[in-house]
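Shared between the two complexes below is chain A, which has chain B as its partner in the first and chain C in the second.
Moving on, here comes the complex of A and B:
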């Protein structure tokens, strides 16, 4: 047995649950996931799905779980902390800022009267177990080693519950900001949007530069009930020596509408799996991805557009810009089940290579079992358009700035396709930070 | 149009005209199954040099060691390698005229229209029946220009140096499980060498026929186009309908030297009890062109991905393919373009039609190695689904290690467009005819690439009256 599994045992799991004063049903769920984690093999490079990015160093790494046991202290309306984190409150209706040891919540008046639950997962277990026990099973722990690991050992988390008919115009902001060294964070996010509700959530992972390796294994479950609408942004800005894994699954009931945007900027090696199940007739999903890689960064992104009901729509656009020796893999599947007639599905992956050492692999896939459908996909890999570049520098713009402008323009297509504006400045800010670097 | 025969698109593949069988007569048939003895026996009967015998035995070891691919199709696992006859020799000596060919076999080729096509528009013909080529011809003027067109066994006997130099250099035995199998038990196939600067203006054709039940046909083709030459090779294949399965596993190696043009056209129409697992690959040197025109209509399962490795500056690779899958069929076809040299370009156009619960899959690769600057590659896949029982998959892969390239892939899956149908039917065209017209339009990029005479033959083969059904 390798170091990793030696450190994550059933005894440690029980200790973790106990130190957080969790009720029995939570421990039982953790244990079930642990059994799946133990039974599953570590993914190896021999498997087609795992051969492009090597996560085996994780298996041999020596993470000490004892350091990640404690739950954080929950502070409501800690306004002092809001200013120190430099987040102006006005653009969000509520914020939940989680650091190594604290969770700080603050909300505007509009939010407070809305009956929305927006809290860290430990508090949710204490106060809203009736909701949690009903959901939190969208992702089956048997489906993968790392997601089983998260379901067993999750140590941060968030619940967003939007009751029937509630709509909030300003976005919610959730941040996980880690400052310690050599951390392991396993965030578990649950979003439940009841019928006819409407909300925007920005989920932001960030950390301080540190010496030791760190490990993030995140899980997001999204339940969209009839006619619910959600915009969910998951942004990853981890520091450079992090291994990051994300599994996100959304299930859309009839006429629900999801816009999901995955932003990948940080970490050394990252792998995101974004699954969207269109389970109810008339459901529609707009699935976007923005990635900028530099240095030795590796990004692997898998998507599944799973059409299970008739008259469903999905539209996917993943854009990636790569500098230095960065490497990106996109592997996406549109799956149309037999009963999902009148499906309209689209999938596009665009890669911009900005250095002669950058590499991109793209595998857009279709599996179509219904005939009355319209499914199209496209993928491109290429450099900056030399004509556009020439146009800019001929107008006296420096090479470097011209390149930056063109990258920004490249990403504008994605943001331009989302109508709601409230959260875009934040995303642009993240992108610009990275582009200038 | 009333007097013209009209084939409804719904009937494609339902009425297989080539499923007839001859009484089985042969001068030698190996016992069922694959053993070292069978491999040695084949080599001994062919009086092969030592190096080829050793090559076969090494390949057998590789075949036995390699696991079955787990991707592709679940029915791949159903192949019973022990139930196959790996070598059947139908007659003693190859015919130089059709009169030398036994009556039954000759009649078969007449039914398939080969002697007629030969008279009309072919420069050379090779007819393989079971494991051996039973008839072979090459026009005198081409012989005089130094063009070599032989069956592979004769090629090995008569031109051992050329064969030894190129054989298995494009597709080594260990490339995959089925190339290893072919390398162990290969028999027949074509050997073609086109000398420098020679332009073979009329196509050369090989026709492959399986007659016996549980037959395994493993032809091996090697085509070398020397500098500045050009050649077009066409192959067709059919088999009788049996209740148990046969296996066809070919290896085709193409070498296009500097500035040459090589084109390889396949019309595959095996009966629906044939596993068709073929490795086809070409190497294109500087400014050379390799084009695969690949039609898959028959077989139970086809797994075939014609490839071009562009190793010289300015080389061009192209695959134009079409696949029909009807009841009980899975066409897992595709293409691979590997760009090793700068300034190379490639195009893949794939069209597929699935009906009556058939399944078509496109599986492809575009790989650009570091240093292959200025590469352009474009992939286009379109699939038509004729009914709700059918299935279509698209599995392309693009691996790009070079910045200064333009690589694009596009694919669509749809049914026959309702608007197009409405447009045509509102002009008094029946729905059946309209559907056929739309299907014909859909595959036109493919049919228009075939030589006119051959396109006519193809029409018979796919039982789809491309022209003449309308108007």
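Moving on, here comes the complex of A and C:
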């Protein structure tokens, strides 16, 4: 089905691993994933979950591995955030900026003494294999062709490891910024938060516009051990030539707290799957999504709130604003297993259509096997309120600016529900950039 | 004072959802004049306000409207506002998520045609809010969201004070206000009244006219102005009710 598949052979995989000087155990993991990849079929439109996914940009494209064959050069930059007068301007405790061939790290003093590991995956393999070999199995490669593909051929990646009880005062920032054309990037992100740790990470994908199609197949695994707290923002601001897939899975142990925010702004076509497993009693997850589409963009978002333990909470709010001929589809499942009594599970999907040609479909689903649960779900699709619009334009505000204000207002609820403020300016910046486009 | 019309309405017919509401309305307001428009509920006062501002729901079936000599019925609401037309809404719409501050800044930028430095804007906002006895935190609230009746009306006048229109239509800006709030709002309006501002003061009660002196009073009944006069007319209406304007003789002949 995909022409590029011929570039991704077992020989290529061995070459990739070798040129990156990976230890044997990494190659073995890649090979296991490759076997799964070969055994699985590409999903087709006949499958319910893939019915709306348009593969056409991928079919004829010829991504190859050579571009990212070698591991990136790792550069430590010290602290990048002091002004000439020596005043700290830090928005972040540490930053990791990955481009095509480099990864540049800078961190504040507080971060450096914290024992947190925040590095690209190649460096992590070299220096922290004892951690990686223990984790990195949350997503099973047998669960899907594209997952297996990432796990076999991942060529960018990141590890965040927060030891027991550790926290830093500011968020962390990771950026993947790609410039070359015709690439295929397969980022693999692993986040491990040990008991009682607390951290905020903004993970940002961005690229320069190219004429050839590019393909991003991303995987994120999040381990939250008991009483750990994490805010994880994944923002894709890929250029318009990118076809983007993301699979994120978080597993929460007892009393762990996750806030996850998926920001979808870029790429021509994107599909994300956000899975949250509440595995330990008392775990809670707040699952947010912010999407803005314009032009011909399409967004497909799937979520799973998987309650496996009693006294767990999940609260999901996905908001999408669509302009021009943009299209979005949301499908979300709340699953409450038999033993997960006293569960609270909420799900809401709100879509704002700013043009007659924009369209959104929303498909909420419930699967509840426990009998003592509180569960609600709701979905709306609608245009902007004409009275609100009139109020704004009656004050001289241009139609376009009025719509921008209403979009910002529409999204404000999501950011307003997160108490931590440290990362919000960055997100608002991303949104603003897209809104005024 | 030179009698230069700022707003001229000629034989205006307006329909909402196919139903005729205004049935041939004529009115001329000169620069510097305050006109009060009174009338019973449902007579079409708000309809006139909306149609002057260009609300898409109200269809002009015939008639013409000039603002500063230019026909405006074909203009979009934001074009009218930029030319100096302003409507203080009877029922301002809540807009959750959009702060008063961001809104006012965008509006001032649009009306002035250029960005105002943040510092200057904050200074202006603070000064106007103080004059209208509005607390500082108010500007961080969402537009009309959870506002009390009085807050809504003050917010309308705050917008007027910041945007400095040349023709303002105030639609029942007095309703729902206690006497102190009414005085504050009237103070805000009076401060703006001058030789260049025209005001159409829509009100259901005579009360507001104790604080803002009209030059003329008009009575709207069933989509038509049935009576016009000086400020004494308002007192007479207060005393005799609107029925009097419709069937003068009959009402006056009723004796105790």
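Following the convention adopted for this analysis, the second predicted complex is superposed on the first by the 419 of 437 C-alpha atoms of A that agree within 3 Å, B and C clash if a C-alpha of one lies under 4 Å from a C-alpha of the other, contacts with A are read in each partner's own complex, and residues count from 1 in each chain.
Going forward, a residue touches a chain if its C-beta (ideal position, glycine included) is under 8 Å from a C-beta of that chain, and two chains touch if they have at least 3 such contacts.
Since this is a predicted model, take the numbers as computed values, not measurements.
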Of the partners chain B and chain C, which touch A:396 in the superposed model: first, second, both, neither?
second
With both complexes superposed on chain A, which partner does A:338 reach: first (chain B), second (chain C), both or neither?
first
Looking at A:368 after the superposition, I want to know if it touches chain B, chain C, both of them or none. Which is it: first, second, both, neither?
first
Could you look at A:378 and tell me whether it touches chain B, chain C, both or neither (first, second, both, neither)?
first
Which partner chains sit in contact with A:354 here, chain B, chain C, both or neither? Use first/second/both/neither.
first
Tell me the contact category for A:388 with respect to chain B and chain C: first, second, both or neither.
second
Touch check for A:413: first (chain B), second (chain C), both, or neither?
second
According to the contact criterion defined above, which of chain B and chain C contacts more residues of chain A?
B
Residues of chain A touching chain C in the complex:
385-388, 390-399, 401-402, 405-406, 408-413
Note which residues of chain C are touching chain A in the complex, please.
53-57, 76-78, 80-82, 87, 89, 92-93, 95-98, 102-103, 106-107, 110-111, 142-143, 159, 163
Can you name the residues of chain B that touch chain A in the complex?
71, 370, 383, 385-388, 390-415
Residue ranges of chain A in contact with chain B within the complex
48, 338, 341, 351, 353-383
